[in-house]
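The following pair of complexes shares a single chain, chain A, combined with chain B in the former and chain C in the latter.
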Partner chain A sequence: MKSSVYILLGLLLIGFESCRKDYEAPVPYTFTNTPGSGRFVASVRQTMEGVYGVTDGVGQFGDQVALKWTYVLNGADTTHYLSIFTGVDVGYFNLEGDPKADNLVLNGYWRKLVNTSTGLVRLTVRTKHNGVLEPYTGRLATGDTLVVDGLYGENSGTPTQKLTLTYRRPLNQRPFSILAHRSGGRTSDLLPASENSLEIIKLASRLGATGIEIDVRYTKDGVPILYHDNTLNLRLIQKSGLTGPIEAYTYQQLNTLVRLVNGEKIPTLEEALETVINNTSLNFVWLDTKYIGPMDKVQAIQQKYRQKAILSRRDLRIIIGLPSTDAVASYQALADKENTPILCELDTATTLGLGARIWAPRWTLGPQTQEVLAMKAAGLTVFVWTLDEPKFIQEFVSQNNFDGILSNYSPIVAYYHYVEQ
Partner chain B sequence: MWVVCLLFVSTSADAQRERQRPDLRERRVFPPGHPRYVPPDTQQPEIYFPQAPVPGKWRRSIGAVFTTTPPELTEEVRVSVPAIDFNIQRGLTKHLYFAGRIQTQVVQSNLGIGLRWATQVSKRTFIGAGYDLNGWFGALQIKDVFNSQAYGVQTFPSLSVGYRLTRDVQLSVRTEAILDLYYRSQVGNLAVVYDQRRINGVAFTVVLEQPFYDNKHVSLGLRAAYSNFNWQLWSLYDTFDRNLFYPQLIFGFIL
Partner chain C sequence: MKVHLSIIVWMVCLFAGNVTILAQSLEQQLSNQTGPDSVKVVSKRGPYTIVVSAGSGLSYYSTHLGVPASLEQTHVSRFGVPATLRAMWYPDHRLRMGLETGWTTMYSYRGLVGNETAHMYVSVVPVLLVFSMPLAWLSGTERSIARRLSITGGTGIYINHSRLDYAGTVMANTNSLGWMAAASYTYPISRRVRVAGELKWYDAVAAENAAFTAEVQFVWRPFSW
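This part shows the complex of A and B:
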């Protein structure tokens, strides 16, 4: 009898383990990615940006949202996208103009990052003139109000539920860095691109980011690449047969045999910075030092792409992050520290002693108001990381002491920043 | 849930078999004076088995609960977090009893109190219902890393089924709902509060209680919690609004 009970308990253990649920949140909309902006010319885009009140759709998206245009560069082409950031469940919309429509029509999808909720959206931009909704031509008369309305749905179902957004005020213009963790967002948040991939870098602005943090490691043959974890594992990559530390493999092996969860290759640091400069409007890159050892190769790449950014007339800061005493030692061992801006995550004394331009304490230490104000008075920029808890994000933004927040949830940081008055 | 259904099916089938054939185990009762003699009305040592202690009597256990962290939160790191687990129960009436529980990892602890009602429904089968109220508290002070604390209140209505496999081996299955009542988190001097009542998840527990050594008894079990929040991992600040799987291994010496 006893042995059968133990077998039963063992089977239950296996049964429990196999009951782990796999969550998915596939994007229900296929973007046409048509270059240009169609009917959404610059004046239209400019006037559309702002904080809007929500009437229909409050239950799903909250009572106000922030509308912000972003773009992706591809050679001489620029493709524009509209993002809408909501205050509920880290919600956001990604929309593109409908080039076939006669009016200002937007198609796309919405998603809530904390869960798997998603759906299709179709919206029209109109103006309310003397109480009557009319097509928007890009000109607003005194007393006119922009209204963005239409339908949204659930998953890939046809949109049937009403959504009405009415313009309230401009976006908060205070300079503030919205930094996206892991090049744009975590794989575990079921984004359409894998963390630390070129694809998520291109997506980062549409998720609200103005800058990104990327994780740098070396391959066996010394190529700086983007990868977060210590080991190759199924959390980040597809089944490949390769396991163990990523530093045990050459770049050629990784490039040939390994694909990230959504099918992308593991990018080199150079490819990532090339993408930031050539394809995005991001203005800040934080190179997180995940390796232990010499920093000279990363320094050389940082300086090379800083020059490229200047030649491309891009306002882009590329900073080497020092999260540990090992990283500080690697930095101090550099023969020449000129033109090598650093960000220090350690205490204020170490940060000042290193001559770092940025101090970045953990958010779990609290607001540290005195220390933050003292560092800012000393001319430093102060970021806090990695803050994902929406209520704390709201508090940190409203306290107005930090210059930026690093988060896996850039849409909610963007929301609280842009709606702040 | 399927575990509970299986047990119900097996207990009804068992009752039918009991009517049809003599129980061989009954004949193996040791005679008075034998070291393993058990008087007929004696209760076996138990903590999870749904049977009230004799009114006015205490029963206790001490052990450990090992919780495996979900990969969504700890990513490539999978650790089994141990917590000291102390249970105390006292019979109030023939069917009603008080249950208290302390789980602690020093920097974070959980104190639970509850009422349980249990009754015997057949020769081998017992059922019970319970309502527990738990308060948890955690504080972390680590230079350059944490200046954080949090506490919260949860409640656990539960249903249990117990099946006496032999005279001294008992199997219990418990289903719990996990409800959040209050959560407060503070970093530095900044605090946020969530005080909306919400369903956090469910948990299923299977526990075997049996002799261990020298007339001692142990509880050995598995608990599978599917929940949105687990107090032991409060410092990871889980923001996923989806139930994650927290498998737990339970081991306790019944004192």
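This part shows the complex of A and C:
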């Protein structure tokens, strides 16, 4: 019986040790979201974008980072944000100009998506002129170098640790699609907004994305909505008692009683595309077919918003993704396939047979260099999904075969793309 | 705090299996003890008994409850009347095992959306592998409290059922891993019949549903050999 005692003790110990914390990564900074860009006028923003070497802060953020400005539209207002993408632990910074400061000051936060590390940041943009740091006025003389320096902290603590970024070179300008999974990122990565919400769509550019993939399902009464999983579950929604397949509920029931983890409503596909056009600079939307059944409603919405994008003079492609033979059958059952761009995730023969303009194989199939080059030679665009492993992201970006990568970690795809020489 | 159930499940099974094997091998050793001066010890295995219990009482939903903010004039009920059915195998050693199922109300709430009433009702059906052990076994007498007290633990699947009445009726189920722990006092009525009082904790971990129940159980020993 002695071993039983040990096993019982071991059981109790493991039971105790296997209790885990509910992880949280609250954003430590409250954005003012002041429309405009303040002192960060277009010329300043333009010169600031680039690859920077890191001197102070290497241990936390790596030896180089990429700085990229993005914006969010709200009616006639445009609000600008600076993102910094690091190569360590899928790290990124979100910053906004400080409208009260006398010079070019940025406030915001940093975050690492692979853990809960986060903290406040306050940076100043300066220029190094003849070896001396001076306030940047928007004009760079020959030999001047931009330096972005300041302090960063941990969580909501006052920033105390030095961070110094020194301009090295422009961002990689090669056309490349950085596609964010689930409309911008996963809820499980503790982002400030829930996956497949309007809020994460507005945030996607700041996370490095140039396009998004959204998951489309139908409600019981046939309204196309955004939701990833088969069922209502606590991974994606707040506790309300509602369970089971999302298709069992009407839009009215979901809209009234269900909130996503961060409190957002489940958006309709129309609301999502309206947000993409009216609020973002995203240029690609991949409608992932999560439903089984007729595609005509999604097709009608796709065509309606393609027209809206054209009228708004937006460079925006809205593509229906076909991930399965069921989805292919739904597409083939459409009465009219004109003006219905599709993306096929199946094999190359099926993709060519359907006349798809985009082929998107899963990344676990490997680089598939011959197939990729053949499809590109046939005039197709080739994306790979859903790639989250930094080592392979770096490899796929540097191989320069794919036209884009779909990832839950768009900041790291942005980093490897922008620093690529 | 959440529990990694897979680890707990495997450790419980490992522990229970180990105890069962040890008990069997102990009996085996006793029956094999022979020698020139020794008296052959012949162990008679048993008795083995199948014990069926059924009970009911009161349940209280004892964890966070989410009522949609869109509801007005809300009324929440955390109480319910649970029903439990359990079949156990009582071997000739202390550790007993069996299956438990039943039905327990978790919670319900109602409220107004505009002028329309919304009503939500959540219940679970546990399907659990349970292990039970009296606090004392061979020591004491049949009247000793320790022999009448037992602890029970189990793990398995909870079928979480929800019924929504708002703009139509939706009934849906979702499965969740979970566990239970209980302590009971059994009072003998006759050779085959007993009455027990049991305090029990049901926890459907993945669905974050948990209830505390207090039940009176009717315990019947239909087979013994």
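In this text, the second predicted complex is superposed on the first by the 402 of 421 C-alpha atoms of A that agree within 3 Å, B and C clash if a C-alpha of one lies under 4 Å from a C-alpha of the other, contacts with A are read in each partner's own complex, and residues count from 1 in each chain.
Basically, contacts are C-beta pairs under 8 Å (C-beta built on N, C-alpha and C of every residue); 3 or more make two chains touch, one makes a residue touch a chain.
On a predicted model such as this, the values are computed, not experimentally measured, just so you know.
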Tell me which partner A:Tyr249 touches in the superposition: chain B (first), chain C (second), both or neither. second
Looking at the overlay, does A:Gly241 come into contact with chain B only (first), chain C only (second), both, or neither? second
First (chain B), second (chain C), both or neither: which does A:Val114 touch? first
Just chain B (first), just chain C (second), both, or neither: which does A:Arg259 touch? second
Classify the contacts of A:Thr231 with the two partner chains as first (chain B alone), second (chain C alone), both, or neither. both
Taking the superposition on A as described, I'd like to know which of chain B and chain C A:Thr78 touches: first, second, both or neither. neither
Pick one for A:Asp22: touches chain B only (first), chain C only (second), both, or neither. second
Please report the chain A residues shared by its interface with chain B and its interface with chain C. 1, 19-21, 231, 233
If we count contacts the way the header does, which residues on chain A are in touch with chain C in the complex? 1, 3-4, 7-8, 10-11, 14-15, 18-22, 220, 231-234, 238-245, 248-250, 252-253, 256-259
Using the touch definition up top, name the residues of chain B that touch chain A in the complex. 3, 71-72, 75-76, 140, 143-148, 165-166, 169, 171, 185-190, 192, 194, 204, 206, 208, 210, 220-222, 224, 226, 235, 237, 239-243, 245, 247
Where on chain A does chain B make contact in their complex? 1-2, 5, 9, 12-13, 16-17, 19-21, 23, 89-90, 112, 114-116, 188, 228-231, 233, 235, 346-347, 361-368, 388-392, 395-396, 399, 409
Quick check on the complex: what are the chain C residues that touch chain A? 1-4, 7-8, 11-12, 14-15, 18-19, 22, 64-71, 107, 109, 113, 118, 120-122, 160, 162, 164, 166-168, 170, 172-174, 206-208
